[in-house]
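Chain IDs A, B, C, D, E, F, G, H, I and J follow the sequence of writing; residue 1 opens each chain.
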Amino acid sequence: METIENNYKERDYEVHIRFPEFTCLCPKTGQPDFAEITIRYTPDARLVELKSLKMYLNAYRNEGIFHEEAVNRILEDFVAAVTPKQVEITGTFNVRGGIYTTVTASYPP
Amino acid sequence: METIENNYKERDYEVHIRFPEFTCLCPKTGQPDFAEITIRYTPDARLVELKSLKMYLNAYRNEGIFHEEAVNRILEDFVAAVTPKQVEITGTFNVRGGIYTTVTASYPP
Amino acid sequence: METIENNYKERDYEVHIRFPEFTCLCPKTGQPDFAEITIRYTPDARLVELKSLKMYLNAYRNEGIFHEEAVNRILEDFVAAVTPKQVEITGTFNVRGGIYTTVTASYPP
Amino acid sequence: METIENNYKERDYEVHIRFPEFTCLCPKTGQPDFAEITIRYTPDARLVELKSLKMYLNAYRNEGIFHEEAVNRILEDFVAAVTPKQVEITGTFNVRGGIYTTVTASYPP
Amino acid sequence: METIENNYKERDYEVHIRFPEFTCLCPKTGQPDFAEITIRYTPDARLVELKSLKMYLNAYRNEGIFHEEAVNRILEDFVAAVTPKQVEITGTFNVRGGIYTTVTASYPP
Amino acid sequence: METIENNYKERDYEVHIRFPEFTCLCPKTGQPDFAEITIRYTPDARLVELKSLKMYLNAYRNEGIFHEEAVNRILEDFVAAVTPKQVEITGTFNVRGGIYTTVTASYPP
Amino acid sequence: METIENNYKERDYEVHIRFPEFTCLCPKTGQPDFAEITIRYTPDARLVELKSLKMYLNAYRNEGIFHEEAVNRILEDFVAAVTPKQVEITGTFNVRGGIYTTVTASYPP
Amino acid sequence: METIENNYKERDYEVHIRFPEFTCLCPKTGQPDFAEITIRYTPDARLVELKSLKMYLNAYRNEGIFHEEAVNRILEDFVAAVTPKQVEITGTFNVRGGIYTTVTASYPP
Amino acid sequence: METIENNYKERDYEVHIRFPEFTCLCPKTGQPDFAEITIRYTPDARLVELKSLKMYLNAYRNEGIFHEEAVNRILEDFVAAVTPKQVEITGTFNVRGGIYTTVTASYPP
Amino acid sequence: METIENNYKERDYEVHIRFPEFTCLCPKTGQPDFAEITIRYTPDARLVELKSLKMYLNAYRNEGIFHEEAVNRILEDFVAAVTPKQVEITGTFNVRGGIYTTVTASYPP
């Protein structure tokens, strides 16, 4: 994830990003999982660069990872790269076994 | 209901589960009832394992139980098995006699 | 309106009832009025029995009553019969003369 | 049902009427039934007068009648009163016992 | 209604116009009526000029006219002014007395 | 605007009125404007009589008035006629020049 | 499935029945399957009695059966019991393994 | 507009393209117009290359052109470049002066 | 793709399959593409086995292929494996460069 | 951006403006970007004049500017021209590279 300068860092404003094309693998079965990832953050000195964010999210494509793990790891990587004033990440996963799961984590606690 | 370890228990995050395929029997008439069950919880040390949750909910299939009773019993079983920081359970039942009923219970009070 | 015992009265939980088939008469013209009645309540010792609730609401069918009057009277009858911890009643009436009216009343004040 | 003159009877055009407030009684249980009635017709010499149509449909309010019977009887009364070039009547009834029923009949055969 | 030249009259193509802001008066009560007018036509040598069409439709604002009459008269005026290869006019009127009415007429028969 | 007695004035309840058929004229161009007016109020001793409210709103039909002016004037007239405990008026105007405008004003400040 | 007399058998009209609460078991895994069954038929001498139809469909609740098998068997049983002029049965099954399946069969061929 | 080879030209199949970001200028006022362009075609020996199609459509951005003209010109350019077996082009334009316009043209006639 | 026996092959009925989780790679950029694949077929002697169909579609995950190519190849593989009486395949692809593409092919021609 | 007098400045009321036709250029690629801009403000002594607002927003048409930059600059220009009591500006941008971005900024901080 790369960043670009935020020219309005003295103002608290919100950027909301929606990425409906997240896919990874189920670590148990190896079968594909699909989710929409949303990122809502208040930038500090840096903005996330959108193309690098897309590349970062696409890198999960062939990785086995649980739903809760994926959302928490994206949160930690985003905080490390962008150091926002605050951020909330949500993963809305496609139905599996009749169950729809959504995971939401935020920073700071 | 089985559980798996929560690797991010120091962080308060939310898991939202939606199960549209809940069915039980009306204790008066023996006829089928249908509902969508949603579970929204903040995990502590354990996460609910989704396949075992599905099995648990499917076990109501041939049991006679009232709407209010079903939601409260699922809440108590979930708290006993997963010991979340907090949890809210909702049952949205199909129309019966022209009436739509939704029951919502949460823990801690 | 009859009631049944609430086995979970020590817990504050919510029951939401939606009845789209309410009809009464306009006291001025005698013409039919139609509404959806919703009841959202936190039960105390008693739950409303759904079939008797339906019978109670159907009894307005041939009665002339204004919108505001209907919702307030249902509220008073519900409180008298069920003595909930709290309750909110809404009547969403069909369009008349190009105007859509919704009335909402709750207890305790 | 009363009628008014159709000033454009030499032209085949269509009038579509939707009445979402039809209610009658179930002939078995005496409980209320609800439906949306739609009438799509090509007028000949006469148009149906809308207020008298509403009065006609409201007259079913306290009458016990089956779904299929209601739609066919409305069709026959409409044909007798308006003598349209053609007409199709549909009744879309509210759910009863988990079943939604729609009945459609038309004239001429 | 004014017209402009159709540069593609040798090709049969379709223009669909939707005007949700039609209003006139009920000839019985003097109260306002509202409708969405749609015009679907295949132009011949001329296209309708849109601003003049709007002016034409706005001219009904304080005129008393029945639903069926309005749609048929718009059809006749449109055919006289634009002489299309074919045209269909629909008026979808707002609910009055619980009844929704739509009228559709077309040319040539 | 006329009023009728509120039989439940000791209880704070809400009446929500929606009127999708508001029309006036643009004071600059004389062209028609259209809006949906909503009124949400908590009655004190009086309720607004719905037919007179409709007549009041219809009286704007041929009057030139700006969007912000219309909503504020309706608010002042409503407060003067009904003296509610509180009221909020919203006008949602149709698109003009690619811009959709909504104005919301309330009493007491 | 029981039937009642069709008083309008000389007229070809259509009855459309929708039953969103069909459930059976997967013959491979024993896990529950869910579907919405729709039946669209033109009655001959007999109409299906709705309560008995519901009982018939509920009888699949604990039976293992494939999607294609279920729809074809319901079709054959319906034809045998009701002998309609024509009938079309559709089963719209809930997602399994990321796949949504709908099966439609009709009589006569 | 560039093209690429169609490897399945012996089979009649359909490609449907939707481009919601078309914009041009009104030739009268110079103000921007907006539309969604859809292209539905059966390819012969060539397929349209999507990036060049986008460039072609973007080239209208600062050009003054009427609605009917734009759709017919896109049709002619598409036929010239791609020589499809058949093609239908639709332009759904944003509201102007309260009027929504859609133009549809196809080839061969 | 494996198949199972069709017990009702003498009857022409339709099976409609929807798979919203198709993903492949763009052969130019290597970036992921996403689509919903639908298959509508009339079975002859064999039905497609759903789990093997899912495995077949998932095998495109890391393969570079154009939209038109993907749909035509799935059609050919389906016909070879299932030999249906008829089949239609549609791929509805996610937006790329502001353009939404849908491809539909069927057999027999 | 021009302004007109606010006749009700002593009252805190809200004006909500929605402009779905904002377009600018990507400063990296020169390709068009599209967004819906919403402005929600509480006027002080002045109201924004809508036609001049439209002209102001249309002036971005051929300017290269990033999403975050555009929303913040519109905010600053609006505050400078209208000096509202408060204002919130949102830009909802069309998908680019599979990512949907929304930016929201407000004044005072």
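Here, contacts are C-beta pairs under 8 Å (C-beta built on N, C-alpha and C of every residue); 3 or more make two chains touch, one makes a residue touch a chain.
Worth saying up front: this structure is predicted, and the values here are computed from it rather than measured.
> If every step must land on a chain the current one touches, say how few steps get you from chain D to chain E.
Minimal hop count between chain D and chain E: 1.
> If you tally the C-beta contacts for F-J and for F-H, which one comes out higher?
If we tally the C-beta pairs in contact for F-J and F-H, the bigger total goes to F-J.
> Calculate how many whole Å lie between the centre of chain E and the centre of chain J, each centre taken as the average of the chain's C-alpha atoms.
36
> How big is the gap, in whole Å, between where the Cα atoms of chain A centre and where those of chain F centre?
Distance between chain centres: 45 Å.
> For chain B and chain C, let me know how many angstrom lie between their CA-based centres, rounded off.
So the centroids are 28 Å from each other.
> Enumerate the residues of chain E that touch no fewer than two other chains.
20-21, 94, 98
> Report the complete set of touching chain pairs.
After working through each pair, the chains in contact turn out to be A-B, A-G, A-I, A-J, B-C, B-D, B-G, C-D, C-E, C-F, D-E, D-G, E-F, E-H, F-H, F-J, G-I, H-I, H-J, I-J.
> Once bound in the complex, which stretches of chain B touch chain C?
It is residues 68-69, 71-72, 96-106, 109 of chain B that touch chain C.
> Please name which positions on chain B make contact with chain D in the complex.
94-95, 98
> Show me the residue ranges of chain E that touch chain H in the complex, using the header's touch definition.
6-8, 11-21, 43, 47, 50-51, 53-54
> Help me check something: in the complex, which residues belonging to chain G touch chain B?
Where chain G meets chain B, its residues are 20-21, 23, 31-32, 34, 58, 61-62, 94.
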